[in-house]
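Dropping the structures in below, format is structure tokens.
Common to both upcoming complexes is subunit A, partnered first by subunit B, then by subunit C.
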Partner chain A sequence: MAKFTITNGKTVTKPFNKIWIILAIVIVLLIIFWQFIKFNPEFIALDQLGIILKKMFTPKGTRTWGDYFKYMLRLKEPLLDTLQMSFAGSILGSALAIPVAILAARNIFKKKFIYVPIRFLMNLIRTIPAMILALISVFFVGIGVLSGILAITLFTFGIMAKMLYEVIETVDMNPFEALESTGANKTQAFRYAVMPQILPVFVSYLIYVFEMNVRASAILGYVGAGGIGTVIKDNILYNYDRVGASVIVMLVLILVVQFLSNFLRSKLQ
Partner chain B sequence: MMSRSEQALKKKPKTWIVNLIFTAAMIVAIVISFSGSTINWRRFTTIGISLRVMWEGLSQINVDFLLGIGIYHFQEGILYLTLETLAIAFIGTFLGAILAIPFSFLSSATIVGKHISKIGTAILVLIRVFPEIILALILVKGFGINALTGVLAIGLHSVGMLGRLFSEAIDNMDKSPLEALDAVGANTWQKIRYGILPQIIPDLSSIALYRLDINVRSATVLGIIGAGGLGATMILAAENWNWSVLGTIMVAIIVMVLTVDAISSYLRGKLV
Partner chain C sequence: MIKFVDVKKTYLNGVQALKGINLEVKDGEFLAIIGLSGAGKSTLLRSINKMIDITSGKLFIDDIEISSIKGRELRMLRRSIGMIFQSFNLVRKMSVFNNVLTGRVAYHSTFKTIFGLFPREDKILALDSLDAMGILDKAFTRADQLSGGQQQRVALARALTQKPKLILADEPVASLDPITTVQVMDDFAKINKEFGITIIANMHHVDLALKYATRIIGINDGQVVFDGNASEVTDDILVKIYGRSLKHDEVLGE
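So, the complex of A and B:
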């Protein structure tokens, strides 16, 4: 401990900075976890990175740049599939999330036996990655858009229910109580006191979730849930140029959706 | 003669027309969404069978395989793979956080000024747009089929979001300590050490912990293209509809994610 003598004669001790303990823990964890990252230095071939990028973003073999861009136009259908999946999944998942969020909010039904088990179930659903949800959906309804919709619905439901009950818990409850005191039942009080408060936030979250789902559909397509991810998976072995074209189309789609989502959400506030 | 309240009610704008049109448009859009050519509604008749098969598999959790004991090698057990997934997420987040710091300075208006910060923000948006799986798809060629690819993919992808949140934290920083330090004659390093770091470190760690939550989830799926962790075993089991293995993996993922969530939210609560 460093000790300092101030001009008035008192000695002060510099307090121990806890950051060093935290830093030490992080470093120890990094070292422990590094043991799991087994890699063979011989496998590292950085020149391959350039080759793969060139393969992805230039036409393959005898194909011309015209073919490359024509292929992008052919991606219209999977692109629409992706949007369709994300849209339907976002709407359905959010619609399902509303009643559950109301039950899970601590300030509407003030009963522990209602909100504790519901929150636990919601946490459980949220831990399952979207891809596993897609795998399960593919098992039930087969490869295609429907399994994508199902997976995204469940995924949206998990996130939306959590975000919504947190919003419901922060609303001003005075109007709710006022309505209840005039004889309105819980449904009416919710409709006229809480709904107007949460509706803008809900719409903003809905747009945000849609944006997230468009992103997630890249992964979902990989396990057979339709959309542009499927095209990437189908071509990954032989047609890197098509993978590249699909990636470009997907990135543009994500950028556009992100831009629109930011724009709409800023308008809502 | 109408009472005043009735008059007020009459003046109320007729929002129901807008609401009706909006609802109708939504319903039409959803119906269109469900009319894809690849949708096979007859699959719904077999849902009972599917559920039974799934349940039978899920209820047979293979403990030997879970722990990697008995006939299984420890390194093919789910426990080891789960730890590997955790390792990928942790190191990836750390890498992302370190890489995000320079980008966050570059996109923070208070540090580099309005014009340069726009360039920084644009770079971060471009990084964020690349889904992890696409990054891993490219990186796997250069770094081979192993966990290092996963670490790099997660690290690079995290830079996008972490950089933005970090720069917001820096922009929200209280600038009066800096002026005070200026007044007592501190040099640049001292200003960073005593004026900036104590303010932003709690925020930055809290953001990084939040990102760790997200990255643990994404690390579980990166294995499907060979970037290490649980994903490879998972996709193999899924392609064979091996529900007992899938069930084991799901249990492992749920336990891991819930634990990390709990630890991270506890630590974040302490930080803020």
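So, the complex of A and C:
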């Protein structure tokens, strides 16, 4: 605790900064966890990495580079599946998130018995990893794009509902009061005082979530949700070159989506 | 006509904001309510459009007792009363025109308004109101691009678009600089005279209240301690309202 005596003799005490306690706890925890990590240098095989990378990015056996690139073109369909899954899932999940986010926002629905259970449900959905959501979806609607859409819808819903209600809670409520004073009902006041404030943020989040979903859906294919992930899974044991080709086109797709996403979101500011 | 009969308001935290208000406001008056912060000015104003519900007593607007009305009836009442706020309460990201148009929302069904569709008459009314406030040229500017005084005029235009018979103003010029303050007060005077709209305003600056209002209500600790013409307000009366002489920041100065 630092004590200051200012020029006229008065003393001021600066309270102890809690950050030091937190920092100490974090360091202690790090040291403890370090003991549990089993680290065996013999298992590190850097040469294997080189071999696998070479297998992935050169044509296999009798295949030529022409085959390698032709194969990339054949990936058009699973690639479109991936995009379609992400797009449909992002839109559906975000649309479902809107009413739930409104119910969860404390400044709109002031009743605890509404927003507490809604938030609990939202948190519950968010604890389920996308991969598990995909497995459950495959169980319900079978292998294919539809289960991918379902999984991404649920995944998007979890994220968007949470992000949206937080945006709604930071909204300036003064115009809402003004709208109510003109005789507008709560729905109308929400439409004219809150919606214009959250809409740009909503669209920006929607684009970002789509970008995230393109990345996620690549993995989802692994458990049978269709798209490029399925192609990778089918080839990973015998055809490293095809996995490599898939990885390249996936990377290009993700880069393009990211670029578009950044561009569109910067236009929204 | 507005009539308060022994109106009391006690907040949930036990604060007694109004301790038996009796007051009558005739149509066309320009009323200024003065008093210290926390004297109950805001509560008094907000009880008129039921943004705050009173605890006991009766409140009549045009001979209708309003303390028990709710739902549609309440919204119809609010529709006929414009309200002006200290911080303007505009949707900052929306255009001036759209902000003013929200004054018409309560005239239409929820379904229609969800889609943002307004009849042509409403749009013309909104533009007329902007013109009356001298800011027609700002109609398609975003509200947050405007100065404070201009924003308050947009708020006034929004209130006018409601076609109100009464405008309540809660510290309408408290966040404006002295020059803009005079301009906005002139707008209030214009609305009062030309449109014949009753105005009830909470005022922080006593000299402004005395200059513009036709009648002054002094509130101290939830009670009316003065009710009369601006010319009748003497230093003694100000001491009664404020419990002390005026501080420097409570007069705007010449």
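The rule we apply is simple: the second predicted complex is superposed on the first by the 225 of 269 C-alpha atoms of A that agree within 3 Å, B and C clash if a C-alpha of one lies under 4 Å from a C-alpha of the other, contacts with A are read in each partner's own complex, and residues count from 1 in each chain.
In this text, a contact is a pair of C-beta atoms (placed from the backbone, for glycine too) under 8 Å apart; a residue touches a chain by one contact, two chains touch by 3 or more.
Source: prediction; values computed, not measured.
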| item | value |
| --- | --- |
| First, second, both or neither for A:Val203, with subunit B first and subunit C second | neither |
| Partner chain(s) touched by A:Phe33 [first = subunit B, second = subunit C, both, neither] | first |
| Touching partner for A:Leu264 - first (subunit B), second (subunit C), both, neither | neither |
| First (subunit B), second (subunit C), both or neither touched by A:Gly142 | first |
| Contacts of A:Leu49 with subunit B and subunit C, given as first, second, both or neither | first |
| Which of subunit B and subunit C A:Ala193 touches, first, second, both or neither | second |
| Subunit C versus subunit B, contacts on subunit A by residue | B |
| First (subunit B), second (subunit C), both or neither touched by A:Gly183 | second |
| First, second, both or neither for A:Asp172, with subunit B first and subunit C second | second |
| On subunit A, the residue positions that both subunit B and subunit C contact, one per complex | none |
| Subunit A-touching residues of subunit B, taken from the complex the two chains share | 26, 29-30, 32-34, 36, 38-40, 43-44, 47, 50, 54, 80, 83-84, 86-88, 90-91, 94, 125, 129-131, 133-134, 137-139, 141-148, 151, 201, 205, 217-218, 220-221, 224-225, 228, 234-235, 238, 241, 246, 250, 253-254, 257-258, 261 |
| Residue ranges of subunit C touching subunit A (in the complex, touch as defined) | 49, 51, 74-83, 85, 87-94, 98, 102-103, 105-106, 110, 113-114, 116, 155, 158, 162 |
| Complex contacts: residues of subunit A adjacent to subunit C | 172, 174-175, 177-185, 187-189, 191-193, 196-197, 200 |
| Subunit B contact footprint on subunit A (complex, rising order) | 19, 22, 26, 29-30, 33-40, 43-46, 48-49, 51-53, 56, 81, 84-85, 87-88, 91-92, 123-124, 127-129, 131-132, 135-136, 139-146, 149, 215, 218-219, 222-223, 226, 232, 236, 243, 247, 250-251, 254-255, 258 |
